[in-house]
Amino acid sequence: MLTYTADEMMTVAAARSLLNGMTCFVGIGRPSEAANLARRTHAPDLVLIYESGTIGAKPGQVPLSIGDGILAETADSVVSVPEIFNYWLQPGRIDVGFLGAAQLDKFGNINTTVIGSSYAEPRVRLPGAGGAPEIAAACKEVVVIVRQSRRTFAERVDFVTSVGFGDGAGSRQRLGLTGGGPKLVITDLGTLRPDPETGELVLAGVYPGVSVPLVQEKTGWDLAVSPDLVEIPAPAETELTALRELLSPTPSAARQLAVPDGAGPAARRPVGEGVLS
Amino acid sequence: MLTYTADEMMTVAAARSLLNGMTCFVGIGRPSEAANLARRTHAPDLVLIYESGTIGAKPGQVPLSIGDGILAETADSVVSVPEIFNYWLQPGRIDVGFLGAAQLDKFGNINTTVIGSSYAEPRVRLPGAGGAPEIAAACKEVVVIVRQSRRTFAERVDFVTSVGFGDGAGSRQRLGLTGGGPKLVITDLGTLRPDPETGELVLAGVYPGVSVPLVQEKTGWDLAVSPDLVEIPAPAETELTALRELLSPTPSAARQLAVPDGAGPAARRPVGEGVLS
Amino acid sequence: MAEIVTLADAIAAAVRDGDTVAMEGFTHLIPHAAGHEVIRQGRRDLTLVRMTPDIIYDQLIGAGCARKLVFSWAGNPGVGSLHRFRDAVERSWPQPLELEEHSHAGMANRFAAGASGLPFAVLRGYRGTSLLANTTGVADIVCPFTGETLTAVSALRPDVAVIHAQVADTRGNIQYWGITGVQKEAVLASARSVVTVEEIVDSLEPRPGAVVLPSWTVDYVAHVPGGAHPSYALGYSTRDNDFYLGWDEISRDRDRFSAWLDEHVYGARPQVAAGAGIKGGAEC
Amino acid sequence: MAEIVTLADAIAAAVRDGDTVAMEGFTHLIPHAAGHEVIRQGRRDLTLVRMTPDIIYDQLIGAGCARKLVFSWAGNPGVGSLHRFRDAVERSWPQPLELEEHSHAGMANRFAAGASGLPFAVLRGYRGTSLLANTTGVADIVCPFTGETLTAVSALRPDVAVIHAQVADTRGNIQYWGITGVQKEAVLASARSVVTVEEIVDSLEPRPGAVVLPSWTVDYVAHVPGGAHPSYALGYSTRDNDFYLGWDEISRDRDRFSAWLDEHVYGARPQVAAGAGIKGGAEC
């Protein structure tokens, strides 16, 4: 029987959400890992776009930063940073935006700015917005990947860095956001999807061996369960092998990929925690 | 004694107005001819910028169009057309804008759009604005080169394509135009400069053998004469030789350079007309 | 993903009667062959958009394809007037031509706004000119920070962009270099796009100054060597200045123009590079 | 025309106490050596502008050079927090740090507006976010054509831009390639500029993807090989990821940070590439 970590399961589940031929605006950290895994397995024609201006990058390993040389060297095109946001992201021509989070709320809003009730005197100062607000606003759909805990999955985020469904269904339309918003949240326990009526995230899938009450216990709001709840298949051997190959050649990068983009030490946990089987 | 044409005198006088090290946004036709002559004679470090996006072009011959391959191949940098207008022209970082005209009025306003009182039913439809309105608005100063006649030098232009001093002194400030406006108008008879008080063009220089009454007779308004009127020296042998070399290798281009940019057949005269000495 | 098809199929699929069509190329890389195919296919009521309408638009206008022209400089570069354009504006032949006239800076920003998914762009422009009273899509806009009044121009969002490039790869990625103009903006601003290319290669090689349009931004690619003639494709051809000079004579006379069109456009086989039979010099 | 001078002279001439300074470089080509020179020269009260303040801004903040930070993502890329930045924000050490916080799209457009000589730029952004209530330079703007409400951001016009490039020629023309970021905009938006380069050559050769800044857009050029370390210059060096990882430990502790600064910045000779003594691995 294959053994794998919860992080590996999460990355594999995230990779599966990306279809071949899609264009994907990739955040750094786990989104980049998952997008590169997808390209190495079922989606060889996945187009990776990084906010550093690299369009169609084909890195052999997962880059540590969104500006590693390998991205420029393997890209179909490298454009300036103003251009990547204005001509490529903003008009809604990108299929999927792939983001991390330090805090996420029940309407899929993302916080990567400050933890605590005061912006001026934060408990934890996080790195901030980066490209995320406009990725979340403009892409046809958004996938979020984030480890699950009561603190991370809050009723309401302390600071809305990037809008999911705002105050609920209809918010995006009222705000004039052109993209579709979060379609899928992938955690180390399972997956959440927005209720199409309310915009509230509900539990849509669990990994093998994960119980619904466990997920609910690790969620800071009263998590509803989809009537169509599925058990997500464990990683296939091909998926695990590809993932481990992708990470192995750059130990320093791999060591750090456990830290999602935009997350401070609060989100840091050793890789390997949460082995499920 | 050297013989030369009025057109040659005009081009030489125009070239002299460009100082070494200046940056010059060059219109096609005679402005391009004069700017290239300046670069070949006293201003080897003149930076030629064309609206096609070529910055620092160093053509060996005068190009027929602003998009000839030689401009891109010899440029320091080639940028997109939106960029040349937004980043390079608009902020006022260009020293001199060098324009032609089909019609020019006493306040240095330029018409290259329609002749006749009705835009909808013009007597003559000219090519239109091109880059000229923003060149005239933004460059630190503007030089205009145009053959002189009562019809061309009108009291008021039929259509203001590019603003000189508008309705007179103060107009540019009221309109929020950031550049300095016309500094010099070079014709086949002499040169005009704006009166600093009124913005009205006055006769500032005449070529050898040209009388003030002749210039006034060829001007559609009551042309005042500067107290500092000068006689402009005839072309030096070095200037004439450089000009003729510049034009000689491309007979088809040379044949057509008599037609200023933006001018229809109305402005067309055979080269060689008006030999003065 | 771009489909690689014949020019005739590309135009048939992409360009429809009544469309707003931007055939772009700033002197360099003008899609003449594609324009001829539009004429051959008899498209009508087009709104033609282009910063520098030149010979190919003169031909489209003279052939009766255009209802409206959106532009900033309509001339024969370095030569003078476009006579078919003038005939349409001054004498409504072969039909009236509605004009929407701008400056280059305005048009470039309108394309950039379209490519950016914005309804307008801001620039310093048009102020004090007679253009303001005679065009649409231009308005004052006040800076919310300084109170300064600037100019807004409305976005261009053509139905179709048509451009010519040096190279495509077999997957439909497009590469062009030299004077790159406003073609990227035109393609990204338009709902559909057609690209004719000098050459199709297995894979693109990086080149100085090259723009690459990924395959997924383009709909149809057609292999049309010489498809820019009498404009040029840097590295493949030079500008046929004699043709531009000769066009002045051909286009002055309605009958002579029509005869030229019969022989060199209607009479040409679609996929053949339209420039082939009309090299400058002798015929002009 | 750019003057070619020493790094110390360039910084002394261009950067003054109280200036607004944009040291740009999007992960690639970050002007670390120039930043160290600013620290060495003891500049104070700077408003530091940068889309992605990372290690070099962490150092400038920790060294007490900065009064204010204008930014969109302040982190150690791929690693986590900037501890000197956090210490300044959370505990005002060594002094309080005023923040003006934006998104990347906002900052990129603010630089572009500055480069364009416009007081603001328009984008789709910020709407619905908490940034709106906690920053300045952002306002609603209504499209005069469609009535749609969009977002305006105020232009950035720094006093000085500082960038690192691969090559300059002896006349001071600048060339850089790879990930080119927002450096062109930063230089064109700023009143003054300093460029450090890996190499000075007789004449630039055209390169794929290269940006060229003509000499007349730049004030000071200094030859500082390795001047981007631990960032990199494509074709000259690779990103020293171990240094980025190691910085996490160095920067967590005030004393350890100060000792590092003493040894590697204050103790280093000005014109020596500041990266030389601090290669990753062992020391981190």
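Chains: A, B, C and D, in written order; residue numbering restarts at 1 for each.
One rule holds in what follows: a residue touches a chain if its C-beta (ideal position, glycine included) is under 8 Å from a C-beta of that chain, and two chains touch if they have at least 3 such contacts.
Note that the structure is predicted; figures quoted are calculated from it, not measured.
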Query = By label order, what chains touch subunit A and subunit D together?
reply = C
B-C against B-D, pair bridged by the larger set of C-beta contacts = B-C
Message = Measuring centre to centre with CA averages, how many angstrom lie between subunit B and subunit C?
response = 28
Note = Between subunit C and subunit D, the Cα-mean centres are separated in Å by 40
Request  = With chain centres taken as the means of their Cα atoms, state the distance from subunit A to subunit B in Å.
outcome  = 58
Inquiry  = If a residue has to touch 2 or more other chains to count, which residues of subunit B qualify?
reply    = 86, 90, 138, 178
Remark   = Where subunit D touches two or more other chains simultaneously, the residues are 112, 116-118, 123-124, 148, 150, 184-185, 209, 211
Request  = Would you identify the shape of the chain contact graph, picking one of line, ring, star, complete or other?
outcome  = other
Remark   = Every chain pair meeting the touch definition is listed as A-C, A-D, B-C, B-D, C-D
Request  = Could you please specify the touching residues of subunit A with respect to subunit C in the complex?
outcome  = 21, 23, 47, 55-56, 76-77, 86-87, 90-93, 138, 178
Subunit D residues touching subunit A - in the complex, by the definition given at the top = 26-28, 51-52, 71-75, 77-82, 85-86, 89-90, 101-105, 108-109, 111-112, 123-131, 133-134, 148-150, 178-182, 184-185, 209, 211, 232, 234, 238-239, 241-242, 244-245
Message = Can you tell me which positions in subunit C touch subunit D when the two form their complex?
response = 116-124, 137, 139-141, 143-146, 148, 150, 152, 154, 206-210
Message = With touch defined as at the start, can you tell me which subunit B residues reach subunit C in the complex?
response = 28-29, 51-54, 63-69, 71-73, 78, 80-82, 85-86, 89-90, 113, 119, 121-134, 137-138, 159-163, 166, 171-172, 175-178, 250, 252-253, 255-257, 259, 261-265, 268
Key: Contacting residues of subunit D [partner subunit B, same complex]   = 1, 112, 115-118, 173, 184-185, 188, 204, 211-214, 216-217
